[in-house]
């Protein structure tokens, strides 16, 4: 029971309180890039959840069973990126096969998950925060759900904004950033929820 | 150090292996040319090519070797690059530009009633056929401006749209959107246009518009090139831009002023040292603007020249140039 | 006939209840709450109210003038935002804070989105949260209520009831150290807090008027307050030593103001009944989570703003059943 | 009380005319009888300039099944088949112009004595057809088509529509009050045609006198049902829902749920056609509104110019700004006094400037009033936003085509958005696109 609550708090913490997009400001690129329509946002969220969780798992294993024993911690970044890149490639192939329209819609942002700082960020945070394997996976899951949540909410709002009467100068990215800013302010309300 | 090499190499190898397997399992064969062509296309998704957006058109270009270059918004250079990518010649239509055929601005053409509703000509047309007194005239609510993917047409304060020729790509989106069929595409180098599509009789027009065509057919008679087609259904005559030479005689003769000059006709002059005095130009000139003695350089009477350019086409020595060209 | 004749599509008659009428009703409904605030907090509160209303109207007119859009201050929406903003500020808020709030509310919360109807977030709450995070000291300096007649110049400051219990739980791990707060005081408004949130009674009267006038439906306030009541009630039953009782929660803080006037904002709440219910429950849950476990003593503003963001998704998920649809 | 979901309660404004007896309009010198007065294929004229016609004579033959002929409203000389302004489209449309000779003589053989209750159903249907009867509530769907349901869609419920939910109008009300037997007998003819043993007459509670008269006059086979006052109760689908509890499926017709609805005025016309062979050449209409000097209910011949109708009712007030054929909710605004009364003209409404809102629309404030008001369960707020950008393809997924254009949404909209107009606009774009597609195939 206690360990269960611990995991729940971990998820709440990474998804809501320290939301990767709205609090840590990681993964802004896909957040702005693929939030034009809710459907692509959902697809992107799924891809990120998959990549992030799996990457955390693999990277944790590599870190503790490969890098640490052989004293190669300095290779962390490059190895992590290598693994993440491979995973992203895998996801890309799968999506291209399974859902060509989604593949089309995600476009350049799909391969860009590779350099998505959120994915690398979660992998590095896992190490930094000394999570064990299970915690790392749960943390990554929470973080990616939080990312997906922010992305989907945001895409809904942007669809609405597209139908609105936003002044010409603010249309597109400017209004998206302003909206993200206010959303981020609102999410500040969760601060202090989980230590 | 060795470990590092092994670790990176090992991780890379495993990843490569997984990806290799995946590549086989989830194989999809996209044509890379499609992506490249898509990059070359304007990306406005205007639909003028008849396909659902630029991506669909790029797909068609690659898949079907008979697809012509239906996109009107690319320049010749781009067309060449696309042909190069495809490895075949693709047909191109000459560059076109939208032409608005109504001069019934707010002060010249009245309204039958005051309209309240959406600011869209197509919607306005639905209530009592539009508020403009002339049922053929421009409603001026700017649907063409709204749909233009290139920001190339703007409704002025007088309630008439104007085409920004430099931006217009001739995609035809506005042509389709105009509920009154006022806009048509004409070759980019067109000089004159009859700007009225009303088939109303002069009697009806009296109460509706000051600048409507009254079908007097003076322009048809005066045209030396037979370039003005008379339609049978009471519509105003239409200029066949293929035959029009832009002499603008019709502009001068029109009693209603509905024939509009897009650009000032460019008169010609004869380059003396190239002219051999063959007199062909004198013979083709419909305006008796060229004179001279055989075997001596001819001269152009600029007062009479109307810039039709027939002589330029016929001169065997390329000795006649448009004024202004070096 | 001539141009004098008017032709438009059907229908040719319109309900007299236009935007201006709706906004006027909202202002009428807000007056009791604001008046109680002025009664208990005196001249400083009155200044906050008028500065806020005036600056919101001026800012709206200025921005619309700058953008070359028609100036719509006559529809009353800027005045409503001004009044709501004032009611969400501490009664002793300095004038510059109020003006910044007006700038944020009208500028960032409304006009950058294209004006009334296009804003995804409630403008007054956007401003409030913005100020709360940017100026935490000024935004949490609460005047102690004193009925108008006995108010002296040297204002005394204190804590809000919610702030008091938050501190107590944080410092001592229980509510034992908190002095007794009379429910009657909470109900009448004789407590510290934001200018317009103190009197549950005045707000309920105003809210009831709006419901009677059919400006808002009863669903959002009832489900919002109900959710807070039920959730806090459950935790109170589990551990009354740490969690305050549900009646206290319902009548304290900005819940009444939020439930009747902020969450029901037409522009930023869902359009269908089902959507409104989901929206209200979401607001309630987030409010309780922040109040009981969060870092801030009050979560109403945050919860409504967060749920504002969900509105497009809620609308998408709660489309009414089309007449004659196969079922 | 029986009802349906959604709807609105606009002020009735009926007392301008509902206490006034029907007056017959005298002959006017000129009639313009439009050939297209119905939904469906246009009718082909069978007279030409110079022809002498008698009252009730056929002027046009229907083209195809869903079509209806028109008849001469009086005797006189045909000036020609000319282009006149059509009150629905506002565009030029062919019409037969008749110069009245003042004799008003019937065509030979009319009126004749017939006993519809001894005639076959098919015979009655063809009489209805040759009389050019269309739905007179305003929809103008050819009546004989509704009376000929396909075999696989049997009709088991017939509703006589005496709801008249449009504000201002009282034509059906007066008709039911003054000539209940014409309405009832017409309904009995319909019952005979369809082989029904019972029917329901639906009347809104704001016409208690009509309810009393009808209750007194109807035979046992017809039940008078009093409905709560709500707009658009008279709309076919809503009426069927309110009275029978059946929902006509999306995109379907009343016959899909075994129901048939006929307007009270249509029933009276059916009776005239089947009992004496008199074709549809006149109708009862309310001339009302704050802009008309003497509001009246008139019996007016089809083809009478609007100018004469207005003149008969004392002319317009100084501040009259809007002239509407039909009611204020679904009627069509006119810009010319030269349009003429058609079979579907259930009212002529002249509004003074104080009754007309001229303010322009603003952004949607998402108040949701339109969603509550929509009797079809649509999202008018979304449709109007899409309409503003002509996004008809997206609108289709929001059930654009289910909209009945009743106007409830636009009536309640505080932002004064022309929601119905946006929807009509998108429907037109969608139809245009599908026509283009069909052409391409």
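Which chain is which? They are A, B, C and D, in the order written, and residues in each are numbered from 1.
Rule of thumb we're sticking to: a residue touches a chain if its C-beta (ideal position, glycine included) is under 8 Å from a C-beta of that chain, and two chains touch if they have at least 3 such contacts.
The structure presented is a predicted model; accordingly, all values stated were derived computationally and were not measured.
**Student:** Using the stated contact rule, I'd like to know whether A-B or C-D comes out ahead in C-beta pair count.
**Tutor:** The greater number of contacts lies at C-D.
**Student:** Express in whole angstrom the distance between the two chain centres, defined as the mean CA positions of chain C and chain D.
**Tutor:** 49
**Student:** Once you find the CA centre of chain B and the CA centre of chain C, what distance in Å lies between them?
**Tutor:** 56
**Student:** CA centre of chain A versus CA centre of chain C: separation in Å?
**Tutor:** 33
**Student:** Send over the residues of chain B in touch with two or more other chains.
**Tutor:** If we look for residues of chain B contacting two or more partner chains, we find 112-113, 116-117, 126-128.
**Student:** In chain D, which residues are in touch with two or more of the other chains?
**Tutor:** Residues 90, 332-336, 358, 363, 388, 418, 421, 424 of chain D touch two or more partner chains.
**Student:** For chain A, write out the residues touching at least two other chains, lowest number first.
**Tutor:** In chain A, residues 164-165 touch at least two other chains, as defined above.
**Student:** Can you tell me, using the touch rule above, whether these chains form a line, ring, star, complete graph or other shape?
**Tutor:** Graph shape, chains as nodes and touching pairs as edges: complete.
**Student:** Can you name the residues of chain A that touch chain C in the complex?
**Tutor:** Answer in residue numbers: 38, 152-154, 156-157, 159-161, 164-167, 170, 175, 178-179, 182-183, 185-193.
**Student:** In the complex, go through chain C and note every residue touching chain D.
**Tutor:** Touch residues, chain C against chain D: 1, 4-15, 17-19, 21-22, 72, 75, 114-118, 266-272, 319-326.
**Student:** Show which residues of chain B lie in contact with chain A when the two form their complex.
**Tutor:** Residue positions touching the partner: 3-4, 7-8, 11-12, 15-16, 18-19, 22-23, 25-28, 30, 55.
**Student:** Under the definition above, what is the set of chain B residues touching chain C in their complex?
**Tutor:** Checking each residue of chain B against chain C gives 110-117, 126-128, 131.
**Student:** Quick one: in the complex, what on chain C touches chain A?
**Tutor:** Residues of chain C touching chain A: 67, 69, 108-109, 111-115, 117-118, 120-121, 126, 129-130, 133, 286, 289-290, 293-296, 299, 301-303, 305-306, 308-313, 316.
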